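Here's the structure, in structure tokens; my notes come after.
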Amino acid sequence: ADIKPAVVFDMGGKFDQSFNQGVFEGVERFKSETGTKYREFEVTNPSQREQAVRKMAQRGANPIISVGFAQAAAVEKVASEFPDTQITLIDAVVDQPNVQSVVFKEHEGSFLVGMLAALKSQTKTVSFIGGMDIPLIRKFNCGYAQGAKYAMDDITVISNMTGSTPTAWNDPSKGAELARSQFDRGSDVVFAAAGGTGIGVYQAAKDAGKYAIGVDSNQNHLHPGTMLTSMTKQVDVAAYSSLKSAADDTWKPGVQVLGLAENGVSWALDEHNKSLITPEMKEAVEKAKQAIINGDLVVHDYMSDNSCPALD
Amino acid sequence: MNDALLIAVSALDATLRLSAPLIFCAMAGVFSERSGIVDIGLEGKMLAGAFAAAATAAVTGSVWLGLFCALGVSVAMALLHGFACITHKGNQVVSGLAINILASGLTVALGIAWFQRGGQTPALEADARFAAITLPGADSVADLPIIGVVYSELLSGHNILVYMAFLSVPLTAWVLYNTRFGLRLRAVGENPQAVDTAGISVAWLRYRSVICAGLLCGLAGAYLSTAQNAAFLKDMSAGKGYIALAALIFGKWRPTQAMLACLLFGFLDALAARLQGVELPLIGEIPVQLMQALPYILTVILLAGFIGRAIAPKAIGIPYSKER
Amino acid sequence: MHSPIPDDYSTSCAPAIALRGISKRFGAVKANNDVDLTVARGEIHGIIGENGAGKSTLMSILYGFYEADSGSISVKGELVDIKNANDAIAVGIGMVHQHFMLVDNFSVLENVMLGAEKSFSLATSVSQTRKALAALSDQYGLAVDPDAITGDLPVGLQQRVEILKALYRGAEVLILDEPTGVLTPQEVEQLFDILNTLREQGVSVLLITHKLQEVLAITDKVSVMRAGTMVAERTTVDTSKEELAELMVGRKVLLHVDKSPANPQQTLLDVVDISWTDPRGVERLKSINLQLRAGEIVGVAGVSGNGQTELLSLLAGIAPVQQGHLNVCGTRVDATSLLDAKSFRHLGVGHVAEDRHRMGMVSAFSARETAIMGFEESDAYKSSGVAGALGLMSSSRVTEHCETLMAQFDVRPADPHLKSANFSGGNQQKLCIAREMEHQPKVLLVGQPTRGVDIGAIEFIHQQLVELRDAGSAILVVSVELEEVMSLCDRIVVMSEGRIVGEMESNEADAQRLGLMMGISSTSEIRS
Amino acid sequence: MSQKTLPVWVDIALIPLINVLLAFVVAAGVIVLIGENPLEAVNIMLMGAFGYDEGIGYTLYYTTNFIFTGLAVAIAFHAGLFNIGGEGQAYIGGLGVGVMCLALDAWLPWYLLLPLAIFSGALFGALWAYIPGYLQAYRGSHIVITTIMFNFIASALMVYLLVNVLIQPGAMSPESRRIADNATLPFMHEVFGAMGMDIASSPLNVSLFLALICCVFVWLFIWHTRWGYAIRMIGFNEQAAIYSGINTRRMVVLTMCISGGLAAMVGINEVMGAQERVVLDFVAGAGFTGIAVALMGRNHPVGIIVASLLFGALFQGGAELSFEISTITRDLVVVIQGLVILFCGALAYMVRPTLERIFARVSVEKEL
């Protein structure tokens, strides 16, 4: 069927090197494949979320992709006003008959890259740099620490958050500085879940000859030889398949939890980093992945109880 | 012992990197404010410079061309400030604010139009950035105790703009205290009538001062986007212009003291990155926000006259006019 | 005459400076109107005149700070075009401004060199200037530490720096604008020694002052200005203090105030041993003792700048008492009292400020707002009922009040809503006086009651003051107009250099005697 | 300033109008540079801001904030003080509003809570302005610098509180819990809905009325009370104020407190109205926009309402513009705002000499 899709990006903007950008890439792919144009809006002010989603609905957009947990309240409201409009909400859950909520098990993916970091580390110290200090990012952090400790139980995990405001997603200088301070404290692998801030982290790792791990999309190509791997979160796939299913009339409301089993999160291995990953590392990680999928290995989700035993 | 030294050295190393843009801006502030023109617009000029540098370097691949454009754009904004405040006797604070807002909007609006990356410029290749310079002999002395570490780790290995930042301080001091231009500049900030009756044009003198400020802010901007980082990002100056302003006041409008204030604020920043989540004996964990606010708090305390007194140039902020 | 032997006939014959037909307006003010002036080489030429006569303006034109609207300037016989200070310096004119043009936090050396640096690098300039300065100091006996911070120097030395600045630039004509106003007697003496030396070296000096004593002591020639025009020129040896006093302060119309003899009653204001030092450390008032009784008008005569302004501020509660004390209508006020102008008003003190533009009114206010200054808290202007309880003022009451005052004092135009700035000077003054008199003050302080006021209005204001006196108020009038003081006041005190130097009943006073007393300074006492 | 005088309407209407037009002409240049049609942009902005009920709602919602901050800047201006700290005062003021609402929302309905929240917000905002005011009056620290510093300190403090104290456990973003429904200000669409009129929903709430009441308050206070009289006297001529016996220092501090209290009312609109909770950075630059508003509105409540409406329309129309034209983003609105501040503030007197010449010529011709 013919669809009129629309996307409402959140405050970071569609080039945030993170989930907004992931959605952007997904819908761009859909656009180039099907030639379907879409409307878009970047929110700049908290009060604009609802305005934007509603306006999309009013203009007859269908489906609407609403990006980010912060839009949950807006989606909840607008969804009830426009029961015929299909809304896909990414990274949060809204219980409405016309809303599809897509959330990810970031802790599972983080667990795997945590393992890789620990296996690669010469100094028995690895580190994590988050963007804004929010539970979602602590979830990454917690999964990462669990993975590292699972692979090597006497490893040290250093964690830092860039800041507590949205500017923390966009502060590469600060990210680089944090990374350097972690290297000074012995870390030789750093995982950044910090949006645009990560750019600075990777650069610092490259300058210092350490390893870095990318996030959300596959960022291995940024600095081959430095990027150990990336923890991919298939936001683009989610966005793409949401539009695709709408076009095929197979779009379904409800909650989709995408973890390792669903291939919603994973670790990236490609030509840019294959020389860094030894067969033993790969084997260990794949084994753990299988165990998690089977349910033999349970990764603790920070957001389930707002605590992280692995980091205490 | 050696570990402690290394950590100290690395914190100081970070201090140098972090204070470099502050120092450029503070020196810019010295030129402008010592001539009697309030410069709230350090932030905006730096941001515009950062954008110009990154955009040009990304397109041409030449970091020097980028630097050149940064200087040009920043000076153009300084001239706008001068046009408003010197020629039209406008309110200097309002003009500075306008420049900051304009810069923050224009850089992103143009960036989106030109590069389609949400205001970001394309990431720069290594040769389109200012690379680290190893000072002569750094490797050979690296093994000497203390001195070797300090020289090879702390002093060596920064990019050229960091060195220029620190050179800009003696240069500013020299211009200010050892040249005819500096003498007149200081005079016009204290008593423009004295300068006028001595047969010197107040307006032209002040224009030259704000141009100097523009040049230095341009350097700060180029540092942000082509040396410290490898691209321009929206609002990447992140309040550094205001911190530099605070440092300028903290340093009582004097180059060397302003530099020390910049180093202090840079050190606080470096420390903040290292103290995050660390329990300190007796004090416990220091909130990051407190560290971030510390430069401003210190400056207010200084301004209130509780630790020494910062006396501004007498004629600062007052448009000069002959008529009573 | 002190002219040196001419070394070159043609240049020495021509006057050092000749001004012809100089006019300059500031808005509506004709600050200079067709002024001529000639100064010979090696001559000290005095220019005297009242405040606002246009002396400073004329000198600023000569120095290129302002451009004249019309007229010409020649230097040594050649017509010159002086557009800015640079041009003036180039033809050898130097000026010491009334308000010093010095950078306080610079060293003496830096101040001297500013604008005349010989090279881009200061080091070279500094050493050159240091040498030149030492030479100049020797030549003219102008010793001053070149490395001292200018702002820390006493005013006398600061003035020396100004003179050195001019000489360093090769000035052959030196303009001094009221150089003695801020000096101590010793400093004045030193200055005069310097001027004598300069004259001997062939430098022409233009000396602007109010002080007749000084003019007679040092000048060769004197020019008198009044209201923007040059009214007379005299050779000093051929004139007298009396003549100059008359030329300077004399009015064509002698005012006569109709009044009965005073009938002084109880003391309402007692000033006991008051001394006062300004923030710069200059002692402005020195042991002032003064009594003001109900039913009399006391005049304070004196050249402005001799402490009258400070005295008024102190008596009005604007400046705090430092030493000594006051007795204001039965209340003792000393350094420990925390009273402000408002408290003084409550004690019954009215105050017409000397300078209405700086203090007495707010140009941007409408007349009705200016008319309640200082009394805005009065219940008379409150709204009635709830609005009043909430603190609202009644617009109509304020307007009515202003209309009443305007009618009483014949303020024109009688428009309470007109901006204060748009009234003529005389009408502004009438409004201010009306405001202060309305509340029947026990003590009324009046600074320059008729400055810039036309003759009709002067008479009216004088009458009002006399009526207030007869109603039992004590009035203190500060004025630079001798005629006014003599005709209006019952008793006159003369102030000079922060002291009361004389006191007399007004029927014993005459202009010459007062003028002489005003000119009395410790300098002349020391000299004689 | 110049001696020559111009008719009043030129000063208060024509010059601001010319300045705004100049700003828009330059902005049009930027739009052309970006490759879009400025006329189309203007059309979209106007329609977006005033063309339909939701747009009007948003425009007025922004306007509400700008009235508060504009009044805050203006009242300080009347005393000759340049309060750049509206941003921080509004932020801290919102904290005051939030604290009161969060503490009492379980017990009180909004109409009982509102006065308490206004009081608490104003108190917090006033306190944040008190310190710079005090330092200016009694210690001679320059208010421009101290208020700038206080904006940053406020921001750091609020982040700390939101992240560590106010955040509800488990929440993603640093924001307080929602204020209970009965305690939040009714939205305008709810009010109209109750009256049987159906209008589109927008964040516009009853605090618009509070803003208008504040305008009346400021007007009365400045021009009809003795405090306002004293404030204006200090602003025009401090010497005259001292002559009149006004305690200028105390008035400076008082003025700053009122200014801060007015800025804090942004917290009512945002915390108690639009967002219904304390969120990060809810002031969103309104404090700075207030400076432009006060400059354009010539520090008079009526002018401030007009200027706020202009900026409100600019924000809403600008959002609409970025909605419709993908190459134009929100940042262009920032540019226009900067240009308005530049032309209406810093270059306010640029056209004056020209106009004076024109008017002088016209009046001479009339005389002939």
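Points worth noting:
Going in written order, the chains are labelled A, B, C and D, and every chain counts its residues from 1.
Quick note on the criterion: contacts are C-beta pairs under 8 Å (C-beta built on N, C-alpha and C of every residue); 3 or more make two chains touch, one makes a residue touch a chain.
For reference, the UniProt names are B, D = ABC transporter permease; C = ABC transporter ATP-binding protein.
Every value quoted in this text rests on a predicted model; they were computed, and no experiment measured them.
For the interfaces B-C and B-D, the C-beta contact count is higher for B-D.
Chain B and chain C have CA centres that are 47 Å apart. Put simply, the C-alpha centre of chain B and that of chain D have 30 angstrom between them. As a whole-number value, the distance joining the C-alpha centres of chain A and chain B reads 35 Å. Inter-chain centre distance (chain A to chain C, centres taken as mean C-alpha positions): 78 Å.
Taken residue by residue, chain B touches two or more other chains at 119, 289, whereas all remaining positions touch fewer. For chain C, the set of residues touching two or more other chains reads 26.
Multi-chain contact residues of chain A, defined as those touching 2 or more other chains: 42, 163-164.
Every pair of chains meeting the touch criterion is listed here: A-B, A-D, B-C, B-D, C-D.
Residues of chain C touching chain D in their complex: 26-27, 316-318, 340-345, 351, 353, 358-365, 369, 372-374, 376-377, 381, 391-393, 395. Chain D meets chain C in the complex at residues 3, 220, 224-227, 229-230, 232-233, 236-237, 239-240, 242-247.
For chain D in complex with chain A, the residues that touch the partner chain are 54, 58, 61, 159-160, 162-163, 169-174, 201-203, 274-275, 279-282, 284, 319, 322-323, 326, 329-330. Per the touch definition, chain B reaches chain C in the complex via residues 177-184, 186-187, 190-191, 193-200, 314, 322-324. Looking at the complex, you find that chain A touches chain D at residues 40-42, 44-48, 50-52, 54-55, 69-70, 92, 133-136, 163-166, 303, 306.
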